[in-house]
Every structure is written in structure tokens, then in C-alpha cells.
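You will see subunit A twice below: alongside subunit B first, and alongside subunit C after that.
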Partner chain A sequence: MIRTADGESGERKPVLVHDPTLRDGHHAVRHNLGPDQLRRYAAAADAAGIPVVEVGHGNGLGASSLQAGQARLDDDEMLSVVREALPNSRMGVFMIPGWGTVQDLKKAIAHGVDVVRIGTHCTEGDLAERHLGFLRDAGVEAHGVLLMSHMASPQRLAEECARLVEYGASGVGILDSSGHFLPADVAERIGAICHTVGVPVMFHGHNNLGMAVANSVAAVEAGAGIVDACARGFGAGAGNTQLEVLVPVLERMGFATGIDLYGLLDAADIAGRELMPAPPTIDSVGVVSGLSGVFSGFKNRVLDISRREGIDPRDVFFELGERQAVAGQEDLIVDVALALREEAHSGRPAGESRPSDQV
Partner chain B sequence: MSSTARERSGRLSAAVLGAGLIGVDLAAKIMRSRSLDCRLVVARHDDTPGLRHAAGLGLPTATGGVQSLVDAPDPFDVVFDATNAVSHAENAERLKPLGTMLIDLTPSKVGRMVVPTVNGTDALNHGDINMISCGGQASIPILHAIARQHRIDYVEVVTTAASPSVGRSTRLNLDEYIETTQDAVRDFTGVKDVKAILNVSPARPPATFRVAMSVLGEELTAESVRAVVATATEPVRAFASGFEVTACVVDDGKALIAIEVTSSGDRIPRYAGNLDIINSAALHVAELYAATHLSTADAVMS
Partner chain C sequence: MIRTADGESGERKPVLVHDPTLRDGHHAVRHNLGPDQLRRYAAAADAAGIPVVEVGHGNGLGASSLQAGQARLDDDEMLSVVREALPNSRMGVFMIPGWGTVQDLKKAIAHGVDVVRIGTHCTEGDLAERHLGFLRDAGVEAHGVLLMSHMASPQRLAEECARLVEYGASGVGILDSSGHFLPADVAERIGAICHTVGVPVMFHGHNNLGMAVANSVAAVEAGAGIVDACARGFGAGAGNTQLEVLVPVLERMGFATGIDLYGLLDAADIAGRELMPAPPTIDSVGVVSGLSGVFSGFKNRVLDISRREGIDPRDVFFELGERQAVAGQEDLIVDVALALREEAHSGRPAGESRPSDQV
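Let's look at the complex of A and B:
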């Protein structure tokens, strides 16, 4: 018997829940998950009926690097372990052109991937043209998603999504990579995209300002048909939308996810016990990362370098925000840290007080 | 090669194939050259905005792609290919029989890869020169110098270019960009384990072109790396004055060297150092070639 999160049945609008725990969660543990961890969580997610389980390095296929962190397992091993553990759920992967190539996509196809997301920064959708076209020709379901989406207007995001559909995407959407949005921001953007394209629209939230579930609710109310969420919120920085909270909330709102509640809670318990030393929390740098609009995945590197250079990591985040650093530009952290250290040594007061509503 | 062309101007005749962001900036740079005469800028179609831009600079323009170069009454001495990685092989096949020197700005991997400060003289004995990529031109002078002095286990090159400085062909050629840059870094440094990454930044105002190099090797020390980087930087600055080291940190067997390039040209924005570095390098190589051929021609005439 399937125990759904809500007892009622009837005409309920479906929402597809996409679970990147084993991909975005990697950011929280320096891309260090091992085969047993991947296998056990994937099997539990499969048993719960989670429709799509995404796996990989935090930045996707081909992204293991000093820049974003070197993964313990290579892509081949991650994909083969998770594929075996998913008899029912579909397997997803993520790739950013400029980090991975068509060669990486071919490998993922050989591993039996079901859904591929090609990500580009918010205004750069045409970087995905070739890869979406390749996937369309290969007959693989391909979605185009826009990172750092707080940096572009609703209209611009809608235009980019329309281009992604032209290139072959059968789903499009936006990632709140910095956890910067408030619910009204999400509603406006998802609404504009839904108005423009005829394919399912996705939203991927981060919890830096405590808004991830509320933002995801705003997204489905504005028409999103796919939402991302991770067990225990396992993800970059302050974490992602918490899966085992979002699913019952959606069910109570009257949406159908097809996910079994106890199975979901069991999967989340396994994640909490076996994937992470502690669940993500909204700590001080998490808040600052969200306010400054900087990618949450910068957190560990900012903390490491700030400690080494003896500076306040919050100042580093605000300065990175000033420079509009985007995901993938982790190398800028060193320059910013050196500049802040210089300033501190030359007597300028570091960490001048800031109003809490800035940005 | 057309000696009549040389006799007319005392310069080698040059054409630019492709009128995207790279092609137009290159044409503007060639106009300032003392040894090259830019006689034609070619696009495939006449609705290419860059073609109107080139015409606005006072340059002759043509449509029809490589065919219009093949059909020219005098073959060109030097043709710069600023089309795309897929087209270069065919362009080279059409133009090489005419004795034209080809300088390829696409990441096609077809011709001889040249970084001017490392193997610029290879341009004198190869008819098809490949300029690798903007990230390759910015990083290899430094990586090659570090690898000559140290045992290196791993090299990573992360390039960030501003959105408005990345044209359509480059956007379609990201995979070639990565593969060609990685291959070139391997060839020039002898290091097997190499990774290249490219970010296109949506920041407004646009971000300055930047290349961050991470190098792993047990012998790396702050003193040795800084000295090598300083020495390798100077000859690049001789033809690309906006080339600057912004960070050089060595910590526990890992070096991070970041460089930024601002454009010194008058027709492209300062942030577009990616266009500036590869075009300045291409022009530098062409001028080396021209210097040899013009002096030979002088010797023959005198």
C-alpha cells in the first residue's frame, strides 16, 4: 500500500520532484561521497518512489577539479553505482558546458542516464545549444536550466528559456544558486517563464535566507511542474530545499508527487545518518552568501582562504558579490582575500558595519 | 606567394576570413601593422554586422566565405581564419595550394600550435599555424616557464571571459576550446594530467578576462614560482600590454597564478582581453613571418 503524504485522493495536479541529493550534496562534503553512501541513498530514494535521482560531482559531469573540488569517485563509478541502485527511479545528471563536453554526455548515455540537465549562467543559454542538440539527436530527455538566476530579469530569463526549448530542451527552469530569492521574486520569474514556453518549468532553491521551501511553493503556485529538493537539505552552503519537508507540503497543498511518505522519511534518515557529518545549517556565512548573491558552493573555499589570510569571510562574500562572481569563479576568492588583507594592513577598517537589508 | 602583391606595397597582403568579434578586432589591429596590408575582410553573408563594421573602418569587404579568397586575382600572402573550428580544415585545404600562410584563430587543432614567446619561430617553417585559444595564449607562456624549472604533476587552467566578448562561433566551440587548450598545455609543458575549464560571466559591467592557473608539484616554492612568472610575463607584455599577474600564491605544493588581460586596442572594450591576447599573438606571429619574407624579398630585389 502506498501511504501518501496526504490522505485525500481525486484530481490532483502532479508535480515532479527531482532529487539532486547525490549531486548538489557533494558540495557540502567536498565531493567525497563513496560508493556505499551513493548506493544506500539511491536505493532508499528508489524505494520511496522519488521519480528522478541526480548524481555526480557538485558542478556536474567533468567538473572534478582543484577549482571546484576533486571528487573521490570519477563520473563512471558514480553513475554505474547509482544506476544499479535505481530499478524504478530515473537517473539524472547535470553538466555545465565549459566544464563538461559531449564526450562526458556520451559516457552518461552509456551508463543509462534518463534525464540530462544542461546548465548555463542565467543569460548564457546559447552555450547549451550544441549539447542540447546532441542529446535531442541521441534521443535522451534533456532539460536546459539557468544558474545564478537572480542576476537576470524575469523577462530575460523567459527569453533564455525560450531559446533553450528551441535548442531541444523538453524542460527548462532556474536555479537560485545563491539562495537570494524571496517568494515574490520566484513567482514573478516562474510566471514569466511559464507564460513564454510550453514545456515543464523547474525551480531549484537554496536555503540561505530560510526561503527554500517557501520559494518552491511559490514556484509551483506560479506554474512550475518540476521542483528540486534534497534529503535533509543536503547541498551547497546553507543547503537546498529540504526534500522530506517539501513533499508533504506539496501533498497538503493538493499536488500529487507519487512519493511514499514513510519511504521518503526513511531515505532522509539514511541521508542524515550516512551522507553528512551534520545537516546543513544557515550559519553566518550562509546568510551573507544569500544576501550578497554569491554561489553557496563557495563556502568551504572562502572559509579556508579567510582563515589562512586572517580576514573575515563575511567581507569576502560581500566583496565577491560586488564583483558579481558567478559559480565556477572560485579562483577570484584568492584575489579578493589578498586585497582585503592589504586593506586591513594599510589601516583601513575591515568589516565596516552594513545595514542588514543591503543588496 | 604573390611577389606582385609585395612589390605594390612593401608589405605582405593579408585577409581576414570571418567577421565576428575576433575577425573585426583582428582587422583593426592589422591596419596598424607596418608589415601587413589588410586587403580584405570576408564573411559568409552580407548581413554579418561585423562586415559593416569592417567597411566602416575603410576596409574592403566581401561575402561568400573562403571562395572569395580563392577567386581573388592575386592570392593573399597571409590569411587569418577567424571562422570556427569545424570550418578551418576545409579553409586550409582550399587556400594552402595558393601558397598562402594560414593563421588559424579557431581551436581546430589542425595546424601547428604556436605560442609566440615559446615557439614563435615555428611560424617560419609551417604553412598552417594554430593559435590554440585565448586561454592557451594567456596561460602557456607561464605554464611552460614553470614546467621548465620544476617537476609538475598537475595543471589546471580556468578561464573566465565576459559574456559580450564571447561570439557565436566560440559559444558553439566550447568543447573544442577545452580539448584544444588541454592538448596544447600538455604539449608545451610535458605534463600529462591537465584540465581546462571555461566560464562565461554574465556580470554587468562585464568582468575582465581572467585566467587562473593551478599547478601541483612538490618542488614549488613562492620564490621560485614568482621569479619564473615575472620572467615569463615580460615578453608577453611586449605585444599585449594589458597582460598582468593579479595573484601568485604558493601554498603546500600548490601554486595559484591568476592573470588578467585588458584590451589595449581602441575598438574593443577593455574587459575583452580574450580577443586582445589571441589577436595580438596572431598578429605578432604574422609579423615575424612577414619580417623574414620581406627581408628575403628585399635581398632578391637588390
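Let's look at the complex of A and C:
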């Protein structure tokens, strides 16, 4: 028997759930997962029937470095451990051109990767052209995905996705990297993309505004065929869409994921016990990061600099949002902090910069 | 400047945010908050402009007892501490007839309570008649609210609410006590109630299915004028709607709460640091509780009995849901556990009772 919201059975639209717990979750633990952790979670995910398990450094293939954080295991180790633990599930990897290269893709192919995602900033899909072309020629399933997608209009995202398909992507999609979207925002963007391309469309949410599950549902209702979610929401800051919550919600709404509920809960329990010190929660910085549309990876540096300069880190986030800061532009934090300190010293009433009515 | 989702300003529909952090949150810490904790949070909530701050034992006035848990402070102490800390915000209390009596209401009135909520099971609004009548005659604002509201149809909830208004309630509403609803469920129920009564309608969510914020937004969009939310989601199990997330989301969607964002985040930071060992997260029991529609307060007893009987606690939850168990019927847990053990011993394949396709 299938329990749906209204007790009906019938034709259930399939949704492919893609699980980046062992990749995006890495951000929350400084890329420090060891072989037993990878093996045990991957085996549990496989047993639950999760279709795709993604693994790697948080920033993807080739990203382990002083700048992005040194991973405990190198790509070869991660890929071989997880490949072996997945007799049924497909193995996915993620790569951002610049961090990773064609050499890294060849390595992943040698390890038997099934799905490769190439990620670029939402307005820079052209950076994925060479890698998507290489993967198409190599006969490997390749998807193109757009980061920080709240920074482009629905129309622009659709155009970028169409370009990714031309380059060879057999799937495209958007990441809500700073957790800024509300469900209507997601529906509009996914709808525009589905209207434009003829390949499966994916959505990847973050929970800064408590909307990760609702946004993912909105994506599926707007036509997305692939949604990302992580066990216990494992991920940086406020975390990702919570996998073991999303799956039964989709099933109850009449979609078919093919995932076993109890196996899924077992995998999530393993993740909760063995992968993370504590599951992500939405703290005040997470809320401000989501509202301002600034990647939560800026958090520690914003807090440090704000303390040093005696200014409110929330003001820094909102100003970074105004200036459209993206990852890699951490230098902007100092500029913003100095500007805010100037303003404060110029005698303006202290409360005036507080966006009390700017929520 | 007001930042809305689309940058527009204009007429903003007011929404009253009601904050039961110091009442519902009490469930998560065995009713153990002390005077300094109450005072500091209430003062911060008042400073942020939160309209109503509710305080008390988790089960409301008069509920401190061996059965429901002994509160650290008695009702008099809680009410006097919080009253003093609220120069601007209104003070609310909650009472379930049976736990509390008219004597408790008189006590609350003597302490200067502004809003009293009388809660009953969703199909037993008539139990509130005497108390709502007493409060009306005493000239105190009184609302009638329905617990475990997923167990009644939208039509039935609307009828119960109409009855509560006849009894004297100047506000009515529903609690999603087991966190079972999805947004469309909430919209349908709140819509039916708003269509039937002429007083403000409230919604109180729990986050078992990751939908507390989305459900509260759906309630407001369907006509609710009052929504409940707790700082950091402080509450039993998977927690309540997270206050400092809901408020800016409502503001961004074009509703007016009158609450100061930074003050709100400050209050939430105090709550996170001083009221709770850790913010609520959605664990596997929380998911199953939400799916099965069983109050998460059953958790510890279900886990204990399941361990003793060697059965899967998730099966117990789903069976309790089938049997429509409500709080106070904890004896049912034993019946269910024995029945499940019988089934297991009767030679049925072990996996058969697992609702792998029943999500």
C-alpha cells in the first residue's frame, strides 16, 4: 500500500533524488571525512535505494588546497572507497572549472563515475563548455549547474541552461547557494528553465530561510526532475535540504522516489551519529546570509573583521549583498567593514544603518 | 526602505506574531526555565517589538504535576517575572481545561495577563465553553484553539471554531501538534475556518516535516491573522516554527509584523545561548512522528517499550497513527507493541511490517 496525502494511489511521477551528503556536507567538517565514514554512509545510502551518491571535497574535484581547505583524503581515495560501497547506486562527482581540470575528470572516469556535474557561477555557464564537451565525447553523463542562482533573472538562468545543453549537458539546474529563495522564486526559475530546455532540470536548496524542503517541492511541482538533499541536512551554515524529510514529503505528495523509508532513516541516523558533530541549525548569521543573498562561507571572516572594526556583522552581510559579493571576493569584506566604520564615525546615529525595516 | 521580494512597497497586510517560546519551549527542557532565563528572553522579545509573549508550563496554566512534569517555577512566579519584563508587549497564557481551572484563570488575570488561549482536542471545543465564557464576562481577551488539528476535516475544524466564537472567543485557530501538515493542508483548513468565522484566525506549526515556516506562510496567505513562532524553534521534538526565520520571510513577502529584525535576532541569540542546550533538529523519530501524525511527546515511551519488546519503534508510531492515538493515551503504546511482537513471532517475514512503500 502506498500512503499518499489523500489516500489515493495511481500514476506517480518519478523524481530522481541526488544525494551530495558526502560532498556538500564536507563543507561543514573542513573536508575531513575519513574512509570509514564515507564507506558506511555510502553503503547505507545504497541499501536505501538512493539513486545517486555524490562524493568529494566540498568544492568538488581538484579543489583540495590551502585556499579551499585541504581534504583529509585525496580524490582517488574518496572515489575508490565510495565506488566500492555502491553496488547499486550511481556515483556522482561535482567540479568547478578552475578548481578542477580535464585531468581530474579523467581520474573520476577511471574510478567509474556515473554522473558528473560541472558548476559555474550563474552567469558564467560558458566556463563549462570545454568540460561538458569532453565528457560528452567520453560518453559520460554530464550535467551543467549554476551556482548562486538568485543573482540572475529567470530568463537569464534559462538562457544559461540552454547554452549548457548545447555544450553537451544532458541535465541542467540551479543551486540556491545562499539559501535566499522562497518557493515562488524557485517555481518561477525552474518553470522558465523547463520551458526552455528539453533535458531534466535539477534544484539544490539551502535552508537559511527554513524553506529548503518547501523550495524543493516547489521545484518538483514546477517541473524539476532531479532534487538534491543531504542526510540530516549536512552542509555548511544553515545546511542543505534534509534528505530523509524531503523524500517522504515527496512520496506523500504523490511523487515516486523509489527510496525505502526505513533504509533512508537508517542512513540518516548513521550520518547523524558518524559524519557530523551536530546537525546544522539556522542561527542568526544563517538568517542574515539567506536574506542578504551572501554565501554563508563568508561567515567566519565577516565575524572576525566586524569584531576587529567594532561594527555589526549583520550590516556587513547586508552591504555585501547590496554589492553582489560572490565567493572568491572575500576582499570585499574589508572594504565594506571600513566603509561602515567610516559611516559610524561620521556621527550618523548608531541605529540608522540597522535595517530594522529592511527585513 | 522596505525590502520585499520584488522590491515593491505599498500597502502591507499586518500579521500578529505570537511568541510561545517561554511556554511551548518549556517542553524541551522539562519545564525547567528559571527566573533569569524568563526575564532575559522576555525583555529581549519586548525590545524587539514582539506583540505577544506567552509564558507557562508547556501544557499551560495549572499543568505542573507529576504526570505532565513539575515546573521549576509555579505559575505565580512565571507570570510575575514575565509581566515585569514586558513594558510594551502583551503577555499571553495557555490553558487546557482539565489541567487548568477557572481558579488558574483568575490568578492569571490578577497578574495582568492580556491574552488567554484555551486549548482543547480538535473535536472537543465544547470543553472550552465555561472558560471562554468566564473570560468574556471578565473582559479578558480569550482565544479558543484546537490541538492535533490534522485529526479533523477542514469542515469539522471550521464548525468547532464557530462554536468557540459562540462561547466568547475573540480569536480561534489550530495547532499542528504533531507537525503532520503540508502547506496545502494548512491552506485548506485555515481557508475553511476564515470562511466560517468573523474573528482573527491563528496557526501554530511544528517542524517535523521541515514545513513549519512554509505552513505558517500558507496560513497567512489563506487568511490567518495570527501566527505562532518560537525563537530558534524552541519546542519539543522537531521544534516549532522558527520565529526569527518566519518574521523576515513574512516581511519579504509583503506582510507587516512590526518587529525589529536586529532586535529579533538578538532575542533569538539569547534564546539559543540561555534557554536550550541545543536548538531542535529533525531526527528520524521526528520525521516518523510527523508522517504518522502522532504527538512527539510519545517518543521516549515508544523507544523504551520497543527496545524491551524487540520491535521497530517506527512501526509503533505508524500503528499508533492508524489507531488515532492522542496525548493521554500512552497505554495504547503497550497494546500496539504487544500486537506487533505477536505478528513478528507468528512467522511473518521480518521485513513485511516495514512500510517501505508506505511513506
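Following the convention adopted for this analysis, the second predicted complex is superposed on the first by the 294 of 359 C-alpha atoms of A that agree within 3 Å, B and C clash if a C-alpha of one lies under 4 Å from a C-alpha of the other, contacts with A are read in each partner's own complex, and residues count from 1 in each chain.
One rule holds in what follows: a contact is a pair of C-beta atoms (placed from the backbone, for glycine too) under 8 Å apart; a residue touches a chain by one contact, two chains touch by 3 or more.
Predicted model, so just to flag it, every value in this text is computed and none were measured.
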{"item": "Partner touching more residues of subunit A, whether subunit B or subunit C", "value": "C"}
{"item": "Which superposed partner A:65 touches (first subunit B, second subunit C, both, neither)", "value": "first"}
{"item": "First, second, both or neither for A:214, with subunit B first and subunit C second", "value": "second"}
{"item": "First, second, both or neither for A:95, with subunit B first and subunit C second", "value": "neither"}
{"item": "Which superposed partner A:284 touches (first subunit B, second subunit C, both, neither)", "value": "second"}
{"item": "Which superposed partner A:140 touches (first subunit B, second subunit C, both, neither)", "value": "neither"}
{"item": "Subunit B/subunit C common contact set on subunit A", "value": "none"}
{"item": "Footprint of subunit A on subunit C - complex, ascending", "value": "1-3, 5, 182-185, 207, 209-214, 217, 232, 241-242, 244-249, 251-253, 260-263, 265, 268-269, 272, 278-284, 287-288, 291, 312, 314, 354-359"}
{"item": "Complex contact set, residues of subunit A against subunit B", "value": "65-67, 97-99, 101-103, 120-124, 126-127, 129-130, 148, 151-152, 308, 323-326, 328-329, 331-332, 334-335, 338"}
{"item": "Touch list for subunit B against partner subunit A, complex", "value": "154, 156, 158, 160, 163, 168, 171-172, 174-175, 177-179, 195, 197-204, 207, 210, 212, 214, 216, 246-247, 249, 251, 254, 256, 258"}
